[in-house]
Amino acid sequence: MNFPILSATLLAPILGALLITALPRKQEQLIRYAAAVSTLASLVLSFIIFLTYDRALSGMQFSESIPWVKDLGVSYALGVDGISIPLLLLTNLIGFSAVYASWHTEERVKEFFVLLLLLISGVMGTFLATDLFIFFLFYEVVVIPIYLLVIIFGSSKRVTKEYAGMKLTIYLLIGSAFLLVGLIALFIKGQALLGFPTMDIATLSRADFPLTFQIFVYSLMAFGFGTLLSMFPFHAWSPDGYAGAPTAVSMIHAGVLKKIGGYGLIRIGLFLLPAGARYVAPLIAVLALGNVVYAGLICMTQKDLKYIVGYSSVSHMGYVLLGIASVNLISINGAVMMMFAHGVMAALFFAMIGNLYHQSHTRNVFDFGGLAHQMPRLAVGFMLAGLASLGLPGTVNFIGEFTIFVGAFRQYQVLTILAISGIVITAVYILRTLGGILFGPRRPEWDHLKDLQGVDLIPLLILGGAILIVGILPFTVMDLIDSGVGQLISQISPGQIGGIF
Amino acid sequence: MNLNEIAFYVISGLTIAAALGVVLSRNIVHSALALIVTFLGVAMTFFELDAGFLGLVQILVYAGAISVLIIFAIMLVMHPDPSRTNLTTPSRDTNFWGGLLAWIIIAAIGIALGKNPWPIPQTIPTDTDRVGAIANLLLGNYVVAFEAAAVLLLLAVAGAIILAKGVEEG
Amino acid sequence: MIGLNHYLFLATLLFGIGIYGVFAKRNAVAILMSIEIMLNAVNINFVAINRFIQPADTVGQLFAIFVIVVAAAEVSVGLALIISIYRQRKSVNLDDFNLMKW
Amino acid sequence: MDNILQFAWMIPVLPFLAFALIGLLLHRWPKLAAASSIGAIGISLVLSILVAIRVFSGDPGQVFEMSRRWLEMPGLKVDMGILIDPLTVVMLMVVTTVALLVQIYSLGYMDKDPGLASYFSYQSVFAGSMLGLVAANNFGQIFVFWELVGMCSYLLIGFWFGKPSARDAAIKAFITNRIGDFGFLLGILFLMILFGTLNYGELASKIAGHQNLTALLPIAVLLFFGPMGKSAQFPLHVWLPDAMEGPTPVSALIHAATMVAAGVYLIARAFFIFSQVPQAMLLIAGVGGFTALFAASIALVQNDIKRILAYSTLSQLGYMVMAMGVGAMTAGMFHLMTHAFFKSLLFLAAGSVIHALHEEQDIWRMGGLSQKMPFTTWTFVIGALALAGIPPLAGFWSKDEILLGAYAGGFTGLYILGSLVAFMTAFYMFRLIFTAFFGPNTGGHHAHESSPVMTVPLVILAGFSIGAGFVGSPLMGNAFGHFINAPGSAHHQANFIIMTVSSLLAIAGIFLAWLIYQKQAIKAEELKQRWSVAYNILYHKYYIDEFYAWIRKVLVDAAAALMEWVDLKIVNGTVNSLAYLTGFWGRSLRYTVNGQVQTYALWVVLGVALLLITALWTVFTVLV
Amino acid sequence: MGYQLLAPEIFTAVLGMLVLMLGLLLPTQCEKLVGYITVAGIAAVLIVVILGFNQEAIFFQGVYQIDRYGSFFRILFLTAALLIFLMSSRYTDWFGQRQDEWFSFMVFATLGMMIMVAAGDLITVYVGLELMTISFYILSAYLLNDGLSAEAGLKYLIIGALSSAVLLFGMSLVYASSGTTIFTDIYRALNHSHYQPALVAGIVMLIAGLCFKISAVPFHMWTPDIYQGAPTPVTAYLSVASKAAGFAVLVRIFLISFPDTQFDWHGVLAVLAALTIIIGNLTALPQTNVKRMLAYSSIAQAGYILVGLVAANAYGLKGLLFYAMLYVFSNVGAFTVTTMVEVENGSTEIEAFQGLSRRAPMPAAVMTICMLSLAGIPPLAGFAGKFYLFAGAIQADYLWLAFIGLLMSMISVYYYLNVAKAMYIGVNSSDKSLAIPAAAKVALWVCLLMTLFLGIYPGPLVSLTEMAIRLFKVG
């Protein structure tokens, strides 16, 4: 067995968290360094994975598998393919940035970084797991650190942070309850069909689940994962949650956590239950339109920066859902790309908002104006995130959106046309917001704000760099995604799916 | 109607009447006395059922020891006015529902018993040593229960002392 | 002929009276007494069943003996508890004992 | 020399490199930034010239194409590539030339600006994107750069972001363009679905082999949305006048010469699609013609020097689009080229004036500039004459081609309309000139001539404005049309009558302006009084902005507010109600545990009773 | 015949009596010594049981049997007892001179449970059950100067005696229908019979009587009051061990004696389980006293565990055993922290927990983790347990039960997190750090590590449960 690089990536933040637990409370700087080093280790490792993954071979690679619970057929099985690597990379890009975005946390530094590192590990785990049980384990692990981070370090504006945290937690957990019922049903049915218990996703995919069962379980998953993906009308947790959360949590939550929903729908829903996916897809597509247009319109009325980004992330998830609901290679490629794209964009946005809020203690758009005078670098960050958000070519978001549109257009013409109108809506609210806070006359009350400097720049560089590099050279990531999605789709037995591909 | 039946109905009637006396009397002392009668009635029933040893135990333990214990307790905690010592509960709901449920349970169990196809009663082997059989079981198959019961009694004594003694002041 | 059911009905009636007693009274001692009636009813059951169904052995009677023993222990502890609580509250009325609720 | 085409890809890439250089390293040293930007575009210009020589010395039909894969998966392929043919080369030449001159000019114009480095970085991105756009070999790529030039336009309009008006104008420009792009993107998607490729060449051959062309109508109409936004055709024209909030060199480069012409270029590029669909061509011609007239009429009464030029640009763009619509693709492209030169000249000259007058843009507060700023004045006049179509300046030849195309194509109405616009153009341009340059010094300003770094580009552009028309004139055997044409693009013999009529109309316009504003034979104020309703409508630009604002308020903002209400009250309300209901049940159940032990016993007995009843009911009903 | 297998029971009984006597003999200064002896004794018994886990024997024609199933639960009780002795090391000071007896009653209660789970017939079960219950009556009322405690004891006694009577009546009817009290014989006697209303009545009364012990709805009403009023370590023991014992007996009786009677007790239990889960969780939502909240939560937990019996298949039973075991660690962990807080603040109201994370980070973390384990959040033990339980339920076609169970378990997170919220963001006037005795610290660490370990790597415990349930021939 080679060096277990996936385990190492996964465990690095956990080790960091343990180390921090052992450090004395007063050594705040040391704690920050420990967090930074452990996330950096994960980042570097995931880069190595990204670079050394054999794209020609495709399929699951770097696999590790240790039998875990025999009678459930659970094994501690990790593996990555073209779908998970971009998301793994995304997690670590954001995780590493998040550490720096919260560098100025003064209160209870120890707790903060322990929880943050656990959160990062948990998210990573879902993308690495190739076993349903392990996947779900990590899926829910993340909820509680988030709750604590929100209530301890969050902020109360329109809603209190306690309310926001509780809403987010309970909402997502209820979604996951439905999901869990689906997963257990899948496991039991799989056991009945295959004759032995297994939680291995690839093995389960060999079972021919009956159509009604597929529809039932996929619907449960669509609800469970859809809630996490803030599918309309189950998105209510998302804006409030992001508004209440501290910067790092907003970054990770909007950046990667939400994507677990999309990832799950593809990796588990579509892969194991293709016929069910196909059956439920039109409904999801309609709801996706709800996301895009409805949430987009709401963004126009929001005044709190975090609410704007919160609703906009709901809106953008509509594209991902549309991609997933269109169930073809192109659209799913686009959905995965869009998840990556939205991840870096939203994280950058939240990092910038966090920095601004940390200094000014307000997030109301109307309180600001002309900040580009005082804070040109911050303005660059905002502009980059904003332009990415509205899907400008040259940013990675364009690649995602364009690909989704091409894929979805084959499946649902009218819906896609309506969804594309979202690019206009997005432009309206993003530009209004950017214009409102960055441009306009200089306001002397903000003269005391310091521009990004030192470690503050790291999120901007890392995330902005990702936005631009992948945006300009999309094939670096898209080829990978294509190999993953292509492999996944080719493994779905053609009898199950009909002529959809 | 033979003697057995007459005895059964008389004893049953007495037992039930005494039991009703326990739950209906407004004076706790009367209740306690009625309870003793109930215990004795049950003991009589045991005799009817050819369980002489058990009837004796019943008289000794229940009608003797437990009743005395109860009466002592009553003395310790009694209200000055005897006719107000054993009032019905102030909650009419509880009273009503309690009565209703008691009837429902009696009816339900009664129906179940009445409809149950019991096996043909077997005749009792008359020559067996029933007390000896009990003793054999007690110290044979049921020795664990027996020992546990012993521990239980020890425990109950110790516990009762501690609880009844209360906290030493200071 | 007096059969099993006669005894079982007797026991059932006593059991029901005991149940009613638990609800009808407010004095804790009276309630303990009602419960004793219920236990006695059960004993009648055991002995009668032993007599009519399985006369060959004495397991039913044995059960009844254990019930009596346990009941004795229970009553002693119960009365001690009543005395203990009476010392604090100067009352044995169950409806006074509601410091904890909801 | 043959290998020069192999290096053509560097033309768009170099400015991007300059941008990266500035963004990463040089942003603290504005002069170095400017130098790298200008250097990059200079090299691009040189390369373009070499490429042009190579292309124009060869066969007109030859096409050089190279591409790298960019975004590829089964069923979707977008390459980044270059397509070198005469059409591209003309655009490359125009863009690099004007961009270089504007950037040099900017050195003087933006001299004191603290954001010089970012200015030049934006300029570089713009140049790169624009060159990428014109060099694209497929619709995917053109869309990418299409959006990018839009972004540059947004950034440069809002360059002086401290001004709220600049900020708002930038946003307006972007959003209006987005609406156009929405349709454009849909058109591209339709193409993708229908033909499975976005490459021009492959599309052309597939369409040629395609029997049923009805599906092309929606595609053509949707594609035309793009030009409507980018080239500011009615009804998406509203952003262009506001875009004048940007620095004047930007207006010259982006909002007069190059970016706004991208729409026209796109129509030319996709002519193989449009020309298949007569209905779409009619629509294009109609929209273009209407815009030309509509914008010219507004220009008649505006007071802001840049806005007059902006409406003039609108009008001229309408002209070009109309040319495309009537099938005179060659004429349209020709006008695009000449217009690029003289309109950027006009803007730069106007910029010189504005710079000298410290950001004064009202023509009525200028006056008497001809003595103080001779270079500026005379180059401006040359530009204006070219625009008005006075022979033999560049505008004359190209405008004439268009009128000829309309006339010969049987679009008599459009021809008359075009002629009318020509008259109006001459009038409003010389209204401006007589007022601002030759009238009395009403503003009491102390202007002086700009520095050579600004005037030299003016002179060079004036040279182009005079001479560029000859490449397409019958005098040179219509060399332009020899290279730039397309199947379905009509070409007609020069018509002397049309030439004469249009020239006379232009002169008449100038004369009328002279009468009113120089000679003051006719009192402008009286006219204003007499036609006050018309004047007001024109002055308020037909109230289109107000109408759009009203739509935004009544439809969009109201919808948004409604959605927010739904979200707060219904979606969140449901969630909160469910949570409340759960808690309510909890609180209600809580009170069943009332502290009374007898109640507890009651529940126990109730449970027993219910269990007994259920069990016995089962036994007696189900089992027996 | 291997009577040495009864050594744990005998030793425990001797230990109980020894402690009782030592309390009388030793001078009052030596109270700690008694505690040490008890802990050592229980630990020794635990080791003996663990070492003898694989030995099985049937005594007295099936009246008493030592099997892996019983041993599993004996390990559970002894572990729980040990943990509770460790965690109560400061709390017992409140008992004054009655500490020794406290230890002995706890040991006797343990003995009762051990007898219950090993009993193979109704009589022995009954006596063991009463031994345990009566011990708990006394223990609940053990804080003599505290009104709540005496009230709890009396309430418990009344309801307990009432349901004992119901249980006994049920036993008598079962005895009537089969003519025997030994589980295996009951099964044999009933095998060919059908249509026995008396038996059905007996079965449901057995359900009622045992459901009282496990505090399933509607026999749950006593739980909050008793849990709140009883001394906190007793509450902890009551909640984990007494409940587990109830389940052990319930499972043994129903799966040995009535695995396939004509009456579908699975359905009845399913309804009870669902009601228990719903009502327990909902009522816990508005609670402000942590002990009382944990009481309601323990009602809900009983509902979850009951699901295992409803399913009555391998996954369900493994889940049941697994859950009962993890419940020991998670619940005792939570109660340990509650005890610490109570000793320090004299209150278990949620206000007493405010700002705990600053005063005592480690206990606050343990409390949070243990409660989340109860809620079934991965990767904590509760999740693995729930997974088995609901896998069993779904396999047995009780999909609706799985829905209700998982949904309510997510709602339960609300009240658990309310405590976490108080601990993490609440503000307490005193910033004095919480003093935690070493023994309690050990208990905390054990609970924490086991809760994590069982969640992350449930394999070993699952194989134990697998061995334990071989007794019941289920698929």
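Going by the order they are written in, the chains are A, B, C, D and E; count residues from 1 in each one.
Throughout what follows, a contact is a pair of C-beta atoms (placed from the backbone, for glycine too) under 8 Å apart; a residue touches a chain by one contact, two chains touch by 3 or more.
A quick note: this is a predicted structure, and the numbers were derived from the prediction, not measured.
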Completion exercise
Output for shared partners of chain B and chain D reads C, E
Exercise for the section: Quickly list, by label, the chains bordering both chain C and chain D. Expected result: B, E
Practice task
Select the chain at the greatest separation from chain C, using centres from the mean of Cα atoms.
Solution key: D
Exercise for the section: Quick one: point me to the chain whose Cα centre is farthest from that of chain A. Expected result: B
Handout entry: Whole-Å gap between the CA centroids of chain D and chain E
Key = 76
Completion exercise
Chain-centre distance (mean CA atoms) for chain A and chain B, in whole Å, is 69
Completion exercise
When centres are defined as mean Cα positions, the distance from chain A to chain E in whole Å is 41
Fill in the blank from the handout: Cα centroid separation, chain A vs chain C, in Å, comes to 63
Completion exercise
By the touch definition above, chain A meets two or more other chains at residues 170
Handout entry: Interface hub residues of chain E, defined as touching at least two other chains
Key = 123, 126-127, 130, 134, 137-138, 141, 144, 153-155, 158, 162, 169, 173, 176, 179, 195, 197, 200-201, 224-225, 411
Handout entry: Interface hub residues of chain D, defined as touching at least two other chains
Key = 590, 593, 595-599, 601-602, 605-606, 608, 612, 616, 619-620
Handout entry: Chain pairs in mutual contact under the definition given at the outset
Key = A-D, A-E, B-C, B-D, B-E, C-D, C-E, D-E
Handout entry: Touching residues (chain side chain B, partner chain D) in the complex
Key = 89, 91, 94, 97-98, 101-102, 104-105, 108-109, 111-112, 115
Exercise for the section: Using the touch rule from the top, collect the residues of chain B that touch chain C in their complex. Expected result: 4-5, 8, 12, 15-16, 19-20, 22-24, 28, 31-32, 35, 38-39, 42, 45-46, 49-51, 53-54, 57-58, 61-62, 65-66, 69-70, 72-74, 76-77, 85-91, 94-95, 97-99, 101-103, 105-106, 109-110, 113-114, 118-119, 121-125, 130, 133-134, 137-138, 142, 145, 149, 152-153, 155-157, 159-164, 166
Exercise for the section: Name, in rising order, each residue of chain C that touches chain D in their complex. Expected result: 19, 22-23, 94-95, 97-102
Fill in the blank from the handout: Residue positions on chain C within touch of chain E in the complex are 4, 8, 11, 15, 18-19, 22, 28, 31-32, 35, 38-39, 41-42, 45-46, 49, 53-54, 59-60, 62-63, 66-67, 70, 73-74, 77-78, 81-82, 84-85, 88-89, 94, 97, 99-101
Fill in the blank from the handout: So, in the complex, the side of chain E touching chain D is made of residues 154-155, 158-159, 162-163, 166, 194-195, 197, 200-201, 203-205, 207-208, 211-212, 217-222, 224-225, 262-264, 268, 279, 282-287, 411
